[in-house]
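Below, each structure is written out as structure tokens.
Both complexes below contain chain A, partnered by chain B and then by chain C.
Here is the complex of A and B:
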């Protein structure tokens, strides 16, 4: 009885997952191997034509590489910015910790449109940065920042940084405050303390944050749609165009299939690195 | 020769002086305890010695050499923290080996010394476990082994026993005594527990509000606390305001007879006097016929509390309420005669307001 109750309790969420995640995912996979509206005569289910046409088109190949490139940049920058930030927040007194945490989480409270408009004001042709630089005589012509990959990276970083900070903070909270002092007393200078004690101790949080940020970056839609414009399509914005502009749902499903594979590959890679990396450092999950 | 010398040490956090003008010395091989309530600056003093904090004033000398600017990783001091601060992702072996690896020793030498350290703390056979798989007492022993294995010049212990339950605490206290004796390592212990301080130390340094209020051997501190605060902290049950009377005697402010005292107190100066006497030092008997003689006071039992092998009586007297321990089971209201032995009466400086 005691063993059966927890399973029964997962039934509601299990049904939701089945109906809203697993079934639609299978639907996408099936649709992606179904002949689309532009199919050649003689194509039948199942077909690889949708996938083949994606990899044949230069534009979609570019969108795929751009998606990967931007996701990697966003993840690396989130680590570079989020790791020290999490440490800084963790070391503050209770009051300032709450204030800083609220500031970090703030992007969550804004709608994608408001956030994108804000970045337009900052990065636009006549935005704050360009006005300042032109006004100061540093540059003659305004820089093109909006509707570039740079704008997408900035916008996604703004949105996804909180995931990284929160993931690292949660492991930092479980770590003894005197861990670095103990290591120092045993002869470890600050670099040693960091690489041999603090980094391994926070690695689980760092890996969780990386997984969250990377997978959310590859699948982000609103931010690249609003900040990247039509000049810099990503897989997600391309998917949108196929689904709602040219109504080629089969090709849209194929792009969805590629995103699914990207995500799943990264999750598996992440688990493999996580176990291997921690073992090498003499740790375990 | 003093292994550690603290001279006029002071540390300020924001606008609060956590340590103010602290000076004391620790001889090589000695066991010194910093004793005081929480917030008295004892832990800050220890962290200053370890190098985790930088003093605002004063000097820290290690073997006669000033080490104020030496970073903690070059001081060669062993530290055991209240929370143990074991590396959670390392096995017991790797935790203990950490300091030796920093010294660049070969794996064979490391293995030998880790084994010896774990033997010393009575914890063999757990090398491959992780800290979270150990009990609190075992974690404590690992922390001790990790600090001792580097053969530190000084061992610093920050409330190492306060996270253990009472039985284990007593056991580890004796272990600590044995290990310190076997290794002969100079030790500074921080605690708020007077029993730990009395059993372990050669010297006790009592701190209050960042300042040192008493320094002495356990016997000296116990028998002649000197100040009201120290006596109170060491559990002197009866503390009554008094003034000096003729013939070297003292008289309670509350009333009652004048009492004879002897060198039991070092209180001098202009301050008001407080008289202290432990409940167990007062002799109690039923009121006999005849008037009380010198240092005797008559009173009535207000309440009697069962304590197992004895009773604690609260007795109302002319001098004020007094706590007395007795093997007698007395009913409330019983008339009793108390004798306050002159050699047990402590004259104390009234420092109730604290320094500065």
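Here is the complex of A and C:
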């Protein structure tokens, strides 16, 4: 085959991505080191002032730690929920398999706004949980669940759980069902089969799912916007507020820069995992 | 598919108690998480039919008043129309871009193919808020910040290219290249070869990619909120900004309408290519 670059086929997407995604994102990085509207008179072009000032504000530091903390919780819960779900789906016969797959995938396609609204109705001050608990006399005052970190964790878990299930499922598909039957018939106990046969085989999917869920949790926007409110800002909702409420684009760009670094970490980790990093892990098992 | 593969364990032998308890535990966890996944959706649909002022579940009575109320908002039909126009145009553009990129990657080996692929999927790698903010800055630099419809179409076309490219690439990779050469050697023009030979065999990939792109555009808010204007907003973005001012059950009715439309796309995917496209690597 020709090694010549097929320009007619690559140019459209190449130019569009370069012009509308890559260069503008570099532009955001440039903007983040450009003196902003509130800059001191002496500030020159490459300046850390925007980063310094956002880290000086307690609210932003809190938002950064809250973002990371919530993402860790969401990822751990997604593993705890995703593994049994994927495992169970993979072992079902055609009918239940399709039903459960539909249950996982339909919300996956549905707007984050609609899903966050649903959690608002469930967790709200006069939502169904509070109504039920107050009605049953368990609590006197309704619990404050909405606009808390708890609500964001629940909402993001609901948003990202399908990614984990699908990532694990894609590796379980490749495993011959007779593999564990064979192991069992040779005298292996089911827990042994799970830890020595199934878990190592699904490790790539588990790692992909973990990295994907963690990075999407740190960069989710609509869910924390609607479930966290203004009381519990995360990095993404702060970026939006700097861009459209206080119109301080230099600060918005600095937060964008931090989010880009978090995103890049994910890509590098993923490449490392794909390139023998994982095999090394597998060999140690 | 590995459905209902026969196990080697003979039937009738009872498993030891701890194993049966373990299975019960797994089943209980699965039931819990299925309820977790479905709860907000069922509650929303239920609450949209309430006759009470605020969203209630189980609904108080049964009424269509919140659907009538939703349709009467001046922004409802306007933003629904915007959503459908944006999703259709963005999907068309995205399929054309994705088709060219998939063809390049599936049929040619060239220097820099890896970099090209990375660039093509960059909207998936870069956080959506940053992409939205960056696109907003581009519109601003070009003085096009008020052409919201155009910005939304281009923005959604760009961020859906990874989906269309991947699904078309998958169907191209499994296609027999020999038939293209056969058509050419029999005297077909390159255009005829592409249109009459290549297209029919990559059509499933195009359909899958198009439905996923359309559904993504229809449901996206992260990019849409940055590119929407004051009157030109997609339905999901409009719902997001109106929601906090609407304590009644009308957002539940609008959510139910969005769910209904998404269900149609979902059924189309299921019937045409099957849900397994999502569980593939």
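The definition used in the following text is that the second predicted complex is superposed on the first by the 244 of 285 C-alpha atoms of A that agree within 3 Å, B and C clash if a C-alpha of one lies under 4 Å from a C-alpha of the other, contacts with A are read in each partner's own complex, and residues count from 1 in each chain.
Here is the rule we go by: contacts are C-beta pairs under 8 Å (C-beta built on N, C-alpha and C of every residue); 3 or more make two chains touch, one makes a residue touch a chain.
Please read these numbers as outputs of a predicted model, since none were measured by experiment.
Asker: Return first, second, both or neither, reflecting whether A:57 touches chain B, chain C, both chains, or no partner chain.
Answerer: Once the two structures are laid over each other on A, A:57 reaches no partner at all.
Asker: Of the two partner chains, chain B (first) and chain C (second), which one does A:182 touch, if any: first, second, both, or neither?
Answerer: both
Asker: With the two structures laid over each other on chain A, which partner does A:192 touch: chain B (first), chain C (second), both, or neither?
Answerer: After superposition on chain A, A:192 lies in contact with chain B alone.
Asker: Looking at A:246, would you say it contacts chain B, chain C, both, or neither? Reply first, second, both or neither.
Answerer: In the superposed model, A:246 contacts neither chain B nor chain C.
Asker: Would you mind checking which one, chain B or chain C, touches more residues on chain A?
Answerer: Counting residues of chain A touched by each partner, the higher count goes to C.
Asker: State whether A:265 touches chain B only (first), chain C only (second), both chains, or neither.
Answerer: neither
Asker: So chain A touches chain B in one structure and chain C in the other; where do those two contact lists coincide?
Answerer: In chain A, residues 176-178, 181-182, 184-185 are touched by chain B and also by chain C.
Asker: Give every residue of chain A touching chain B within the complex, in rising order.
Answerer: For this pair, the touching residues of chain A are 175-179, 181-189, 192, 196-197, 200-201, 203, 278, 281-284.
Asker: Could you pull out which chain B residues touch chain A in their complex?
Answerer: Touch residues, chain B against chain A: 47, 50-52, 71-79, 81, 83-91, 94, 98-99, 102-103, 130, 146-147, 150, 156.
Asker: If you look only at chain C, which of its residues touch chain A in the complex?
Answerer: These residues of chain C touch chain A: 1-5, 7-9, 19, 22, 26-27, 29-30, 33-34, 36-41, 43-44, 47, 54-55, 57, 96-98, 100-101, 103-104, 107-112, 116, 119-120, 122-123, 125-131, 133-138, 154, 158, 161, 165, 215, 218-222, 225-226, 236, 239-240, 243, 251-252, 255, 258-259, 262-263, 265-266, 270, 275-276, 278-281.
Asker: Report the residues of chain A in contact with chain C in the complex, numbered from low to high.
Answerer: Residue list for chain A touching chain C: 1-6, 8-10, 12-14, 16-18, 20-22, 24-25, 27-28, 31, 81, 84-85, 87-88, 90, 92-94, 97-98, 100-115, 117-119, 121-122, 126, 128, 158, 161, 166, 169-170, 173, 176-178, 181-182, 184-185, 190-191, 218-219, 221-222, 225-226, 236, 239-240, 243, 249, 252-253, 256, 259-260, 262-263, 266-267.
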